[in-house]
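What follows is chain A paired twice: with chain B in the first complex and chain C in the second.
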Partner chain A sequence: MESNPILRTENLCHVYSAGTPFELTAVRDVNIEVHAGEVLAIIGHTGSGKSTLIQHLNALIKPTSGRVLYEGRDINESKDSIRAVRGNVGLVFQYPEYQLFEETVYKDIAFGPKNMKLGAQEIDRRVREAAGFAGVPEELLERSPFELSGGQKRRVAIAGVIAMMPRVLVLDEPMAGLDPAGRRDIMENIMGYHRETGAAVVIVTHSMEEAARYAGRMIVMDRGSVAMDGAPEEVFSHGEELRAMGLEIPEMTKLQIELQKLGIELRGTVYTLERMRDELLRLERGRRRA
Partner chain B sequence: MNCSALRGGAAVLKDITLGQYFPGDTVIHRLDPRTKILVLIVYITALFFAETPVTYALMALCLAAAIWISRIKLSVMVRGLKPLVLVIVLTSILNILYTKGEPLFSFWIITVTREGVMNAVKISVRIIMLVMGTFMLTYTTSPIMLTYGLELLMGPLKKLKVPVHELAMMMSMALRLIPTLIEETDKIISAQKARGAEFDTGNLFEKARAMLPILVPLFISAFRRADELATAMEARCYHGGENRTRLNVLKLRLRDGMALGLSAAVLGGVIVLVNMGI
Partner chain C sequence: MSDIAIKIDGLTYFYPADEGTAPVDVLRGLTLELESGSFTAVLGHNGSGKSTLARHLNALLLPKGGSVYVFGMDTRMEELVLEIRRRVGMVFQNPDNQIVSNVVEEDVAFAPENLGVPSPEIRERVDEALKMVGMYEFRNHAPHLLSGGQRQRIAIAGVLAMRPKCVVFDEPTAMLDPRGREEVMGIIYKLRREYGSTVILITHHMEEAARADRVIVMDSGLVAMDGSPREVFSNVEELSALGLDVPEETRLLYELRREGLNVPLCALDARECAGALAKYFKKTGDIPSGSRTERNADGK
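So, the complex of A and B:
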């Protein structure tokens, strides 16, 4: 994690409707770093500024003040730098299935690569590869995206962004509105892309459980500012503060706190089922030995 | 850090004020929407009867009084006129060029006449006052009240099998969905931009083609929303206007009678004055 950040914000601020009675500071002095190849979760309550923040990362929104740097260069510098960052930082919006528009799944996935002015062969390769990463079966490619199920549409939309082969893949609530099995499968696909290409993944979510399961680092946003930035273990040890921000700590951490009240001390911060199991087994073994 | 160092706000579609309604609590705001619609009709009629400077001045006085009472800022009124500048300029030019009469001066093949200039001024003033009058209605009446008022006024047409209630319902639903669709458009534009779409390059044909990735999802979502709304209404037993009652029933009050009487008096006055040649 000591590598240079691939993407970085510098005193980023964003004010909506500046100078009107509706003025609203959505992002306030935010300094975050995304390192190459990491999985980062951005967590925050509704209205904490996370969606505004991530739209800065590929120059969809211009900062009111401050800068966004991709590999050390200001992304809003010129038209070319904006075009370049759109290919390097892929952004999957919330409910991305509502942006499908082409006649076939294949054409829709090809939209991004086509905009990048790639050759026909390269486009074909990328469409098939992206479909594979996102879990879109080959036989769906020639179907109309509008005949697919909700989960399949979501996959097609994600494939449409993956096809640009971004070095940083940002997803806004990628699992919203899916059933538990669908949520897990989609996350596994995204993690597959991360593992095989080494791309950094940024997931925006308000599910602590999911953030804890996949992310190596977490950024907690509160009212437009970064409230915490660290490993899940570290973040979850601030249970009270998280609750004050309207966030829930993972069930296992809650259990740990309850156990603590009963005098059962576990090591570190426990936030996954597996860790809880290991800790309890360790205690049990220690008790037997004693 | 300084968030105050503003670099100009983002020009998102949301910033456009579409609902023209400016909430307030003046007599004009409180008037029954039916009254306001009728007064507007009388006002427009009077405006077309007005011929002479005196009658125009009278109409302008009425308009100014209404604006003053409603506390709508004059700057807001003037801003609303901006899209009309072209129309006003064009009609003025045509009037100046094509009205025959006593020549003021000639230039090349163009002869400007006294009557032409007079006509141009008259038409311009008429258009401006017409539009400002309509603004008074939409600025001081919420869209819901406006449709309700229209529904009640068109009530007698039900006898002629005109689906008045359905039309009013369609109008209020359309008004309700406009902000939602704008927000949706914003989102779709961002999403397609994130996939490298560019909307401001290429020739006209390419630009039109570039709109497809926005329009298709937008239409689909509009249909989806309409469908969901229809289902939700059915689920709550909506079956048209028959026997439907309102939570807030409109009642004509003294002030409505006074407003109507006053506008009728102004119309009568204008007709009399014009006939007397004043």
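So, the complex of A and C:
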């Protein structure tokens, strides 16, 4: 790749319960790169190793072998490097709302910046800014997080990570369990943070549609290894292989395959509704002209 | 006339208020009948009252106003509650909140044991339920070492071991990956085919709702739409206004119609949609060169 990656893994391996009968190699020899300012989706079915992989990205767990490099430096090198990466790579877990614990929403969002030993004024600025990015209304800040709805709690948890102003924001299934409108809103908020700060976003998801809609690049994990790495168009052109890995292909790609069976050929690999509509309208224009 | 499994009349429910605030109305006079053996999907954005409705179907919640009859039994009658819970099983979103034992088969036996079913029959029911969900070979495993989809199947087996006539699934696939979702949908089909069970599926996944006989859309504690998946999904604008999606194929057709193409209102899956589009482009003929093969030339 032309630009230097901000974050990359080098022959990363992770083995759980090594030396016991339950030994499990969750991540095997993984080399991935995250480039500054990109949106990367990591896809894979349950047990493919994607959650284990991303927990390495801010030194939450240590590799069994291999390295994780932030701006070329091994993040597990020293206590300082670990502290530094925690500020630069923000990790939002699955169902992060279960981790809220402070008395007020404000305090919960302020927890990260406080740990970074920032001044009171800077903390206040960051809490308000992060709340704005995550779509947490000002009037909720003094409420107890436990009074909020599930969707609001999730936003508070995301705001807590954004408050550290990470240059790489990593989210594990940020939309799980939300209704369609809630999923869209949360993604739009995350994309807003990406656009306004230029931060890279790494998003783990089961949803091919969502990966296709937001990501510029996709990494597909299968049994602990990287099976595919490329633009969505490229990845979705391997429909059969994706299905063999237990993954769905986007509805619009399915439709393209069905259309092809009926003799209607479209250009390239179609994976979004907008693209499908435009391709069909192109056919329609041709038809009307004829 | 077929039998009525569930009859709800003017159901109201509110959650008690905090001091100084008004109670929150969740259900506001909802009326609904569900036929025995039917498969109904319930849609609605978060807060529309779906889960509150579900919890009335086996007397986990009791009406504040109106009534709920389950197989003819009034859920307000305390002495009928056990019988009602025997008939109506509930499966929730998170399997981990439903699994109580460290061994799969013990977990599945938990509910029938509580119902006082004699031991030999418990054995029989547990085996049958585990086979039904395709988890029999895992009967001696520890649930926490299984995948999310497998754990959800164990939780479902625990419900089936009560031999309910009706099963309410409250977002059973929300925490599962595509493979896990398909496994759960497979069980729903099997339940209907082999036991003729009445199934109520609360979901956010439009593709799942598209597979039901009937779709009910809830909004602000009332039924906003009610019909076959095709009838309901044809109302793209109305659904969007309620914060809901339609299957992507239906949205595509909607957008093409707005551009003046005379295509159908609704398609529930890729194959149906492709058929409709092929018919449109074929019937009107003159597909531009490069986009037609011999296979569709026969229609002209």
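Basically, the second predicted complex is superposed on the first by the 287 of 290 C-alpha atoms of A that agree within 3 Å, B and C clash if a C-alpha of one lies under 4 Å from a C-alpha of the other, contacts with A are read in each partner's own complex, and residues count from 1 in each chain.
In the analysis below, a contact is a pair of C-beta atoms (placed from the backbone, for glycine too) under 8 Å apart; a residue touches a chain by one contact, two chains touch by 3 or more.
Predicted model, so just to flag it, every value in this text is computed and none were measured.
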Chain B versus chain C as contact partner of A:Gly72, first or second or both or neither: neither
Which superposed partner A:Leu281 touches (first chain B, second chain C, both, neither): second
Which superposed partner A:Gly182 touches (first chain B, second chain C, both, neither): second
Contacts of A:Met116 with chain B and chain C, given as first, second, both or neither: first
Touch list for chain A against partner chain B, complex: 11, 13, 15-20, 25, 28-29, 55, 58, 60-65, 83, 86-87, 90-93, 96, 98-101, 111-112, 115-116, 146, 160-161, 164
Chain A-touching residues of chain C, taken from the complex the two chains share: 45-47, 93, 145, 147-149, 171, 174-180, 204, 206-207, 243-245, 247-249, 251-252, 255-256, 259, 261, 270-271, 273-275, 277-278, 281, 284-288, 290-297
Parts of chain B lying in touch with chain A, wherever the complex brings them together: 1-3, 5-10, 15, 184, 187-188, 190-198, 212-213, 216-217, 220-221
Chain C contact footprint on chain A (complex, rising order): 22, 45-47, 149-151, 176-182, 206, 209, 246-248, 251-252, 254-255, 257-259, 261-266, 273, 276-277, 280-281, 283-284, 286-287, 289-290
